[in-house]
Amino acid sequence: MDKMDNKRNDGRSNDQLRALSITRNFTKYAEGSVLIKTGATQVICNVSIENSVPYFLRGQNKGWLTAEYSLLPRSTHNRTVREAARGKISGRTKEIQRLIGRSLRSIIDLDKMGERTIWIDCDVIQADGGTRTASITGAYVALVDAVNYLIDKGELEESPLNSYLAATSVGIVDGELLLDLCYEEDSQAQVDMNVVMTGEGKIIEIQGTAEQNPFTRSEMTVLMDLAEKGIKELVLAQRESLEE
Amino acid sequence: MDKMDNKRNDGRSNDQLRALSITRNFTKYAEGSVLIKTGATQVICNVSIENSVPYFLRGQNKGWLTAEYSLLPRSTHNRTVREAARGKISGRTKEIQRLIGRSLRSIIDLDKMGERTIWIDCDVIQADGGTRTASITGAYVALVDAVNYLIDKGELEESPLNSYLAATSVGIVDGELLLDLCYEEDSQAQVDMNVVMTGEGKIIEIQGTAEQNPFTRSEMTVLMDLAEKGIKELVLAQRESLEE
Amino acid sequence: MDKMDNKRNDGRSNDQLRALSITRNFTKYAEGSVLIKTGATQVICNVSIENSVPYFLRGQNKGWLTAEYSLLPRSTHNRTVREAARGKISGRTKEIQRLIGRSLRSIIDLDKMGERTIWIDCDVIQADGGTRTASITGAYVALVDAVNYLIDKGELEESPLNSYLAATSVGIVDGELLLDLCYEEDSQAQVDMNVVMTGEGKIIEIQGTAEQNPFTRSEMTVLMDLAEKGIKELVLAQRESLEE
Amino acid sequence: MDKMDNKRNDGRSNDQLRALSITRNFTKYAEGSVLIKTGATQVICNVSIENSVPYFLRGQNKGWLTAEYSLLPRSTHNRTVREAARGKISGRTKEIQRLIGRSLRSIIDLDKMGERTIWIDCDVIQADGGTRTASITGAYVALVDAVNYLIDKGELEESPLNSYLAATSVGIVDGELLLDLCYEEDSQAQVDMNVVMTGEGKIIEIQGTAEQNPFTRSEMTVLMDLAEKGIKELVLAQRESLEE
Amino acid sequence: MDKMDNKRNDGRSNDQLRALSITRNFTKYAEGSVLIKTGATQVICNVSIENSVPYFLRGQNKGWLTAEYSLLPRSTHNRTVREAARGKISGRTKEIQRLIGRSLRSIIDLDKMGERTIWIDCDVIQADGGTRTASITGAYVALVDAVNYLIDKGELEESPLNSYLAATSVGIVDGELLLDLCYEEDSQAQVDMNVVMTGEGKIIEIQGTAEQNPFTRSEMTVLMDLAEKGIKELVLAQRESLEE
Amino acid sequence: MDKMDNKRNDGRSNDQLRALSITRNFTKYAEGSVLIKTGATQVICNVSIENSVPYFLRGQNKGWLTAEYSLLPRSTHNRTVREAARGKISGRTKEIQRLIGRSLRSIIDLDKMGERTIWIDCDVIQADGGTRTASITGAYVALVDAVNYLIDKGELEESPLNSYLAATSVGIVDGELLLDLCYEEDSQAQVDMNVVMTGEGKIIEIQGTAEQNPFTRSEMTVLMDLAEKGIKELVLAQRESLEE
């Protein structure tokens, strides 16, 4: 991307999402299993239901939800060392796991789940930017499937989910305010912001970072407008996928 | 805090910071050493200069800055297990360390530091909410002292620092939009947001989370106003401390 | 599988492989990338080329090849804990990693690779028995693609590969001697044997285990006949895939 | 070993075991304690009985058997780093521990052990090849002593052991097919195979590896003949030792 | 310290302690909290009471006391790597932790504590020699405060403490026998000895080391005289601090 | 040991060592290898010479000496968990390792060793009290053999050893002051003291601990007399062993 001209390197306009695809029932053992693709980014989002909760929650008749995230070693341009081989999980991975878990917990009523743990596993097959937001958007669909599985089996009476949930990134690259950054854009961004919103357009999480060029409050307003537009389109795609 | 009435439990108005104190030269070996107190929160911020850089930066004639953060075991209401005893650093600690390091890197020109590593150590003596933002605000002052120490010794010709930097938290508690949450407020907050800004009021970092109650974009605007007001006051206090 | 009758639970005859599919170029960054499916077992086999060797091999003008293996948490019937989360790699995983690496090293002339490391990453998406042998069979194809990539770029003059290589399992279940066990069969097997052979039918590795019912040398001869038959068919499929 | 001539470097014929010695009651606290020497290889095999089982087996009224293996740092020609100092157990050690445990479990009826754990500790004092097979052969004798100790104390009515059990290595070195490889032979072997058999000559485990020269099925038959001959002699020596 | 002359580098006589200060109630959450300064050495000693005991002590109606010790990274002349970052606790730290715990357990009757765990946390803010002995002397005072807190709340009827307890170092530097070594003296000492005594002058612990110059039994007698003198003065200071 | 009467439980007088045996050349690869037995305590002491030094000593033309210590799992009455399996070394082990290393470094002139590392490995085969002092006494003999090996090979011109070195324990049990405690005595001791001395009777290390009953300075004098008597006898036995 030597020069931005009027166009982004893949021809998108500044407020345009990448091509999106959501495949349900991607693997066969998980209670919910989704392969989400946004541009070249691909993430397997599996949801597992375990009939127990961590020690500190036992006997309270409520559920728990937790998320794990991992890059396959060659999901990236250069091979990334496996965290199991290092023997520890990086700070970046922990931050992403906490973000995914917190976001999904915000739209589920765990008091209605009984003593069950919901495991969200997001494994990135191919990473071209936006893996954490794709994970949230895909995991939401897999979570709906897992909850419906429990309802169909008669284990739950009603859905504990309160709302749709999706996420995207926005940022400032070369002075342009952009929606849904790919890796090449992200690696040059002056400002990088991840936004998680409900189906109603309310904010669940916002995380914005300016490594060298602080941004103004009016730039922030435009970035939030872009995020809101993108998330509305993602929620529409989730809805269509779930209706199939 | 059974009831908010018109007042916060320590009598502050909604847009009021806690009492602030900044003690420079708190310990004697570090190149910069600050004890910062904001209300009952107390953090020792030590800055160390090491005359080498990590392996991946050698030979590029530029510096590095990294931050570590830790709670003393009994800085908290109940004793927190020591991370050295667990043998690993929690996700929360890693997130905070990354936030502090990223924030301070955003206002320093590492190309002007030569091949030196700047270690920021934030050790919390007493934790009553806002330890990460107090760490950033205090570490900035210690960093100025460490940079001046190098200039005084003739090792640097000019300061690599571009701007003042301070941080605070804002949030929504019981429907009230508040500046600078103490622990009791933080633990009940529907929305919790940390903001890092330069002395000019530009945004470096914003991290907002709604665990159960998503918030509107207009609430977000008010929270940002509160943060901006608080950070201006913090920067003023930093300036006064550095002029002593 | 309450009863074996004359048929296996998926209708196969005793000497029949499961349905096989080999997809090349499955992901886009790896120098070789294969998705192999044998029945319900699915493994992504990525091959990465790194232009350096481990410390102990430097300056000898030869290459190195090493393999890593992992189960996605919900590749299994019940969720398997992530090894990165445990902080250590299980004995089972280490055995499999060593087997895959040793097998592939046996058919490559590392003296012809220059100072390069070949990383073999086998990540199991869905596990229904035979994941380690599917990993070897799939990784071989990805390795051919990675080697050809280097030849096409002019970095290697000739292929360092000496032979085809494939692997399968055989075993004794309920008294029947079977080829290519699925998970249900494997979990009830009295004898379980993994065999790795070259395209010429020579033996690279044989690992046979009888947890409770030791087996005779004549049973071993029949098991080897079954393995040889299966591996010939696998090599044929590799050849066809590579000719596409 | 510059040249093989007609003889092996220690003057043995190709189908000859090394000198064997089995010392029972080698240390005084273990329920079974054997020092086994095969040539210069020396292993202390201690068997301990613990009156409980791992969590996942409680309440099932059956026992458990597990094995651990370790090299003393200077059991080897050059000093080997202690795994406790590294903080993790190598893949090689894990493979050997699993092999020893699996082999001994194959000839014991754990349903007759009550809720007890049998710990097999194999600590190599001097390593000159064949340490894993010597561990199995020696541990079997120590296990018989530990079982008899329980019977003598009236804690078991009958022995849960079904059979004798011994192990040896075979291999191809410089084109010669050899029994019971010492370290010098093993380090040059084209093929290396470990075989575990019962007293009746049935196969419990077979693990054969060809790092560079794949072997034919007829070579494999000869290797198995050699192994069978050696194991018969080892079982005879175990029997004599136990009758003392 | 190029030359000792008749004086120590800070002007003290050979049998003189450094300036001592004991601040009680240093932080507000711990049941006992002391900041002790001996010369430039500063340690925060916090005592926490937990209403349970480790698993192996449950149901015995007795208490437990354990100690942890840590250096803040820049408590030292050069920055010390954080043990939490290394992922393990050094041998030196473990030795000190064990010494502090053992010393304090020697003057408390744990049978009178009920099923409670007493955590002693000694965190060194500034290290100029003698941190382990300052930790013991300071922790004793914090322990008295924590015990009195329990008595005041009616949770204990009488104090389980049997005696005063304090510690200091002695050593031989440049042929001189000295009391209470600072870092500069300690780093040049031929002999370094730590002594822990009760208020009655009885010995609890003695640890003496001569890295290169072994010492005579008569030198040892003089060192013990010095230690006894210093500890009497420390106990007097503890008593005065507790009477405030 | 319900009652002490006039005799110790093994019939020794209070100032009598246990039966001692020192076997040189116990294993064949180590440069020095000793099996030491004191009563039922048995330790293998191997000394290895490595032709390099740790990174921080390179280029200074001096050597390094370090010690490791380990209990075989069933050296103890009940099985001790292997530290490699725990993944970390206990505080007790680290203390002992540091003591052994420090003691042996005190009688060797490392400036005369060239850039070599001396590894002392003390592996306890059977533990009946006094394993750390037996390790020091045995390792000294193995160290002499390793040094002589280097002199014989012409790699060293003269011995870097300055003195003999041995160690023993003394203590107070049931009011009696005893030399060389066995495990049963040690586990009941009110005072336990380890003493390391040179062949000339000078003190290298003294470590005394009173868990519940502090001791007087006059008791300490008697304990030192006992230790001095025992160490003289141990040095005599070392001398005789080395003259064989």
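Per-chain numbering from 1; labels A, B, C, D, E and F assigned in written order.
The definition used in the following text is that a contact is a pair of C-beta atoms (placed from the backbone, for glycine too) under 8 Å apart; a residue touches a chain by one contact, two chains touch by 3 or more.
Being a predicted model, the structure only gives us computed values, none of them experimental.
A.B. asks: Just to be sure I understand the contacts, which chains border both subunit D and subunit B?
C.D. replies: Correct list: empty, since no chain touches both.
A.B. asks: Keeping to the contact definition above, tell me which chains border both subunit C and subunit F.
C.D. replies: Chains that touch both subunit C and subunit F, as defined above, are D.
A.B. asks: Among the chains, which is located farthest from subunit E on the basis of C-alpha centroids?
C.D. replies: C
A.B. asks: Go ahead and note the Å separation of the Cα centroids belonging to subunit E and subunit F.
C.D. replies: 28
A.B. asks: Mind checking the centre-to-centre distance between subunit B and subunit C? Centres are C-alpha means, answer in whole Å.
C.D. replies: Centres of subunit B and subunit C (C-alpha means) sit 51 Å apart.
A.B. asks: Indicate the whole-number Å distance between the mean C-alpha point of subunit B and the mean C-alpha point of subunit E.
C.D. replies: A distance of 33 Å separates the two centres.
A.B. asks: Which positions in subunit A are in touch with at least two other chains?
C.D. replies: In subunit A, residues 87-88 touch at least two other chains, as defined above.
A.B. asks: In what order do you meet the chains if you trace the ring from subunit B in the direction of subunit E?
C.D. replies: Listed around the ring from subunit B, going to subunit E first: B, E, F, D, C, A.
A.B. asks: For the complex, which residues does subunit D have touching subunit F?
C.D. replies: Residues 27-30, 33, 40, 42, 44, 46, 48, 50, 68, 70, 72-77, 79, 82-89, 93, 119, 121, 123, 125-126.
A.B. asks: Which part of subunit B faces subunit A closely enough to touch in the complex?
C.D. replies: 88, 90-92, 94-95, 97-98, 102, 105-106, 163, 193, 197-198, 200-212, 214-217, 220, 224, 228
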